[in-house]
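The structures considered in this document are given below.
Next, two complexes with chain A in common: one pairs it with chain B, the other with chain C.
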Partner chain A sequence: MSVTHDARVQLRAATTAQGQAARIWPEINHPAAWIVAVILVIMPLIANGFFLIEIFATTMILGTIALSLMFLAGYGGMVSLMQLTIAGFCAYMVAVFGVSANTNISLGWPWWLAVPMALALATLFGTLGGTLAVRTEGIYTIMITLAIGAAFYYFTNQNWAIFGGHTGINTVATPHFWGVNWRSDIPFYYIVLGTAALCYFAVAYISRAPFGLALQGVRDNPRRMAALGFNVNAHRIAAYAVASFIAGLAGVLQVWNYRQISPGSVSVGACIDILIIAVVGGITRPIGPYIGALIFVLLRTFALDFLVKIGLDGNRFRLIIGLGFLAIVFWSSDGVIGLWQRWRQGKRPTTTRPGGGHGHG
Partner chain B sequence: MTRFVERHPVWALIVIVAIAILLWLIFAVWPPGLEEAIGRKRVFLNAVFNGITLGGLYFLVASGFTLIFGLMRNVNLAHGSLYLFGGYIGYAISASTGSWILSFIIAFILTALVGVLLQVIVFRRMEGQDLRQTMVTIGLSIVFADLMLWACGGDFYQIQTPSWLIGPIDLPLITAVKSSGEPVYLRYPLVRLVIFLASVVIGVAMWLALNRTRIGMIIRAGVDDRDILAATGVRIQLVFVLVFALGAGLAGIAGVVGGTFQSLSPGEDIRFLLASLVVVIVGGMGSIPGAALGALIIGLAEQLGSVYIPTYAIVVTFLIMVLVLAVRPQGLLARR
Partner chain C sequence: MDSVAHRLSAVGAGAALELRGVTRLFGALAALTDVTITVRPGERRAVLGSNGAGKTTLFNCITGDFPPTSGTIRFFGEDITRFPPYERIRRGLRRTYQISALFPGLTVQDNVYLACRGVSRGRFSFLRPGQNDALMHAADNLVQAVHLSAVKDQRVAELAHGQQRQLEIALALAGAPRFVLFDEPAAGLSPAERLELIEILTSLPSHIGYIIIEHDMDVALRVVESVTMMHNGRIFKEGVPQEIQSDPEVQELYLGGGHE
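Up next, the complex of A and B:
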């Protein structure tokens, strides 16, 4: 409760501070945003293949999945732990409908048919899950979505007919057309960058569109919104549908990135990683998940070397992640963005308010 | 019970018929046609007994979870870690001293201590902030999981069953009749029956403690409205610490039980966290009888499912959860 509660407070402060023009695209007028955008576009000139794919493309894929969680949690007040499951489901569907080495499973459709099908099914899956989750509120949402995610993980492990058991589906074909191999480093980087940018601006737009505003109203006071004639549950389910579509897009990119999908990619730990990414980055603004994802990916890639260098056991990467997450939850309910904002304002850290009890929680 | 029958006669009828069919399947000698259709009776009876005893284990884990949630509104997602911690402690004790009973006592005390520390150091500082507490428990479960992986490695551990509990016994349930007319009885491991009985005893004791003692009255009042309870002068923080200790300790005991008739390894924490989540969602949050009913249903569904529809067993469990959420979102036995 408190995270979303604080989100509301900070969001209001941010909008009043930046004035009328910034209300539409708060980040777009900032020079730093332009610099970051230019750097991202010319990245293939400065970074080699490893950084391009392992760091930046992975960051943007994970960030997009976390963005779908941020959309639900920040604007809808629903913390869903099944966003990675939806992405994983979409990835599985791409592998099942498309071409892969597991010929007894894959149907061998061309990618332009398999991907829309997978996206549609993933959106349906996420919407159904959301329909279940909105039957209860607040804290129960976490439990139900976690149960869905865990059930999907065990199901993929057990099922050989569709999901290929615990070995998963390997050597998934990636698109080749117009004479370009779209999985080679530079084209793939631009696909990921384009998708991430699209999702980012879509979320930023929706948050200011009538639907997004109504959703934030539902988050703040569902009872009042119901009294005003809004269908509270329909808004929530629609939010799940949007978030599922975004997560599905990221899932397609993920399966193209690794060219395989197995239960390990949809494990409960991975579901929780997405929550960590979103919370560490900050769930009040769409940029948060990407910052969180960058921190996460950098830690995951370099923590081992770093730990070994300072004489510790390199396998304790998850301990660092867990402790860092705990620290963020303890001291900043708005993630890294919140810390940065506070540092910039130079004020004393605002004490976290106890969560209000209206409606959900 | 009678109110339920009066209010939902159709549902009551369905439940009664289902229980009657189950009892008939357990006690009757199966006619040959049935054996051909769904397999040997011994397989079925074994699945039912495994399901019931697994339900006992699930109840031990989930009752602590539901108790903590009921009173403190704290969804303790580190509950699975407490289970695994208790299991490792139990293994260490039983391996070094050879005493199975002692491992229960030490595991209970140590996990209860961890619970007390968590409540005093962490959760007291963020009372009333449900989501933040839940996030903290997620962080804690990651840290605990990694610390335990560090300390115990990725191996499988199994706690040694004491010698007086090893071996099967004959149950007075006929699985088949030999051609000579001599009945064949079901043989079942004694240790699982003892553990199941122990969990029933613990469940009944908890129910009695909650409903017949003064401290139980205080806890029930706290579940209903902790602010008013605090206003009447009860030292609510002390009650919180006690309940957290009890809930954590139960998870620790369950860890020893699970380590005895299954095994302990990294990943079991998540499995039992999922089990307790589903059990309390089905049974109703914060309700001890609900946890018992939910554990029984989920245990049976899991075992029968894994025998009769192996690749879709988890889906059965999940479908039960979906069905309950669709019909009664607050859980089967919740009062709300």
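Up next, the complex of A and C:
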């Protein structure tokens, strides 16, 4: 442990001396990160279809939605409860523009046209929502975005012409090309892994780029940012656009995963699940949401069996999640990664600070 | 940003900063009443006055943190009264805050880099700065100028008070400032740090004018050539430091209360 630690300090000193060379690419300098990356890539060799899709792909999809919240909340200080709504909107748009069993609704575009269209509309939707939300701060941002989420949920329930009412849109077509069914377990796992990795590294990279740094400046002190020449609201709205695009990507994967989309997927409860995932995992680093999503998915999948086994009602799995949420918020304001960091900190000499703080990738 | 018309108007006008009849109300309370001030380019002026005299409100009106209720503000000839703060900053106006307004979650270097980025292009850039990034070098130089090179990779939350005050000044000197508003830069500094502050202020290029709010007369009168005395939101007296210091009314109002 101490050997790697010393090596890192030297590396850091060296790169500082030659002028910030290490800042250009996100650094994967921790052996654990490489091990996780390798395991994720060879996962189809180890895991069966159930684990591959129901656990890992689902984790990465939810994690990516929560990542878009982490980007807004962790770097921008804006807690948006509408990230799932944006993902859901994008999922609906894929179904509306693409092919589904609801032929009276779906326009039947090929996926490579429907997906960019859905992403563009979802980004627009999130940016407009953000434009409303940035006029407020703190709890009012939460209220406005929650209101947008709730309004969208009730709208989808009642609108039959586009959203298919409370039954939603079913049997949504998934991509088939080059002779591959991309929704079969292994190809779909890799699509999800690739998208999640792309979003993760994009967020890590942007956090050290001028846009991301300025966003963190807006989080720390918006008034001073204006006094440095930044148009604070424009920056916040741009952050919503980026987050909406990320949430939209996850929404595309979500509709391909379940092959259907209905109001149940965009309920207020589901919006709050995303907040729980992000907070449990930790919102100071992009890895947090994925850890939170894994915990959430594991609990959701197995707590039921566990509860039944010890003689309780299986539907109480939310109780476990809730208690876990309380415990984590109580002991660590920075989620699981905060706990982990402090545990490592305790094992090390106190000369280093927690990995450069915010946005260290 | 620098349109031709803007440059022409700047050439035509003699003043760096020109306030005419600036009034700022907070509800029924008049924090500033009919303030008219003209400051030449490169002029260095102190604003003195007791607490509640309206000094910081004056700064907030000039930078646009709170726009004035009435009156006009011209910056190098251009009417900036209704401009948002960031537009004023991009035209060369700068300010520091009485209570340090920094970015505690970021490093010293990142704080200064943001200040440099704020007054140049690429504020929305998604590309990380490279090894030869000009702004990164500018930030390095600024960090050095305020003697913070040793702590440039530390997070601002971990800095000592005096270092935070120095960083506060660095943020206001990024880019090409034409006029700076210093709001009590010496607040809470040790005597040694005060000397360092005086050195930083007096070594600024002569074309950069500033207004400084400072309670410490030793600091204020060593770094300015003119003084504006405020009282109850109005201009009370203007003159050169010696005049103001020896003025009996001023002494009664400001220096009289056992101060110094």
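In this text, the second predicted complex is superposed on the first by the 319 of 361 C-alpha atoms of A that agree within 3 Å, B and C clash if a C-alpha of one lies under 4 Å from a C-alpha of the other, contacts with A are read in each partner's own complex, and residues count from 1 in each chain.
The working rule: a contact is a pair of C-beta atoms (placed from the backbone, for glycine too) under 8 Å apart; a residue touches a chain by one contact, two chains touch by 3 or more.
In this text the structure is predicted, and so the values were computed from the model without any measurement.
Contacts of A:Leu119 after superposition on the shared chain: neither chain B nor chain C is touched. Of the two partner chains placed by superposition, only chain C is touched by A:Phe230; chain B is not. When both complexes are overlaid on chain A, the residue A:Phe330 reaches chain B alone and has no touch with chain C.
Of the two partner chains placed around the shared chain by superposition, chain B is the only one that A:Ala147 touches, whereas chain C remains out of contact. Of the two partner chains, chain B is the only one that A:Arg135 touches; chain C does not reach it.
Of the two partner chains placed around the shared chain by superposition, chain B is the only one that A:Arg316 touches, whereas chain C remains out of contact. For chain A, the partner touching the most residues, choosing from chain B and chain C, is B.
Residue overlap on chain A between its contacts with chain B in one complex and with chain C in the other: absent.
Listed in rising order, the residues of chain A touching chain B in the complex are 1-4, 79, 132, 135-136, 138-140, 142-144, 146-148, 150-151, 154-155, 158-161, 268-269, 272, 275-276, 279, 313, 315-316, 318-319, 321-323, 325-326, 329-330, 333, 352, 354-355, 361.
Of all residues in chain A, those touching chain C in their complex are 16, 18-21, 23-25, 205-206, 208-211, 213-214, 216-217, 219-221, 223-232, 235, 238, 353, 356-358. The residues of chain B lying in touch with chain A in their complex are 73, 75, 77, 126-132, 134-136, 138-140, 142-143, 145-147, 150, 270, 274, 277-278, 280-281, 285, 310-315, 317-318, 321-322, 325-326, 329-330. Those residues of chain C that touch chain A in the complex are listed here as 63-65, 84-86, 89-90, 94-95, 97, 101-107, 110-111, 113-115, 117-119, 122-133, 136, 153, 155, 158, 171, 174-175.
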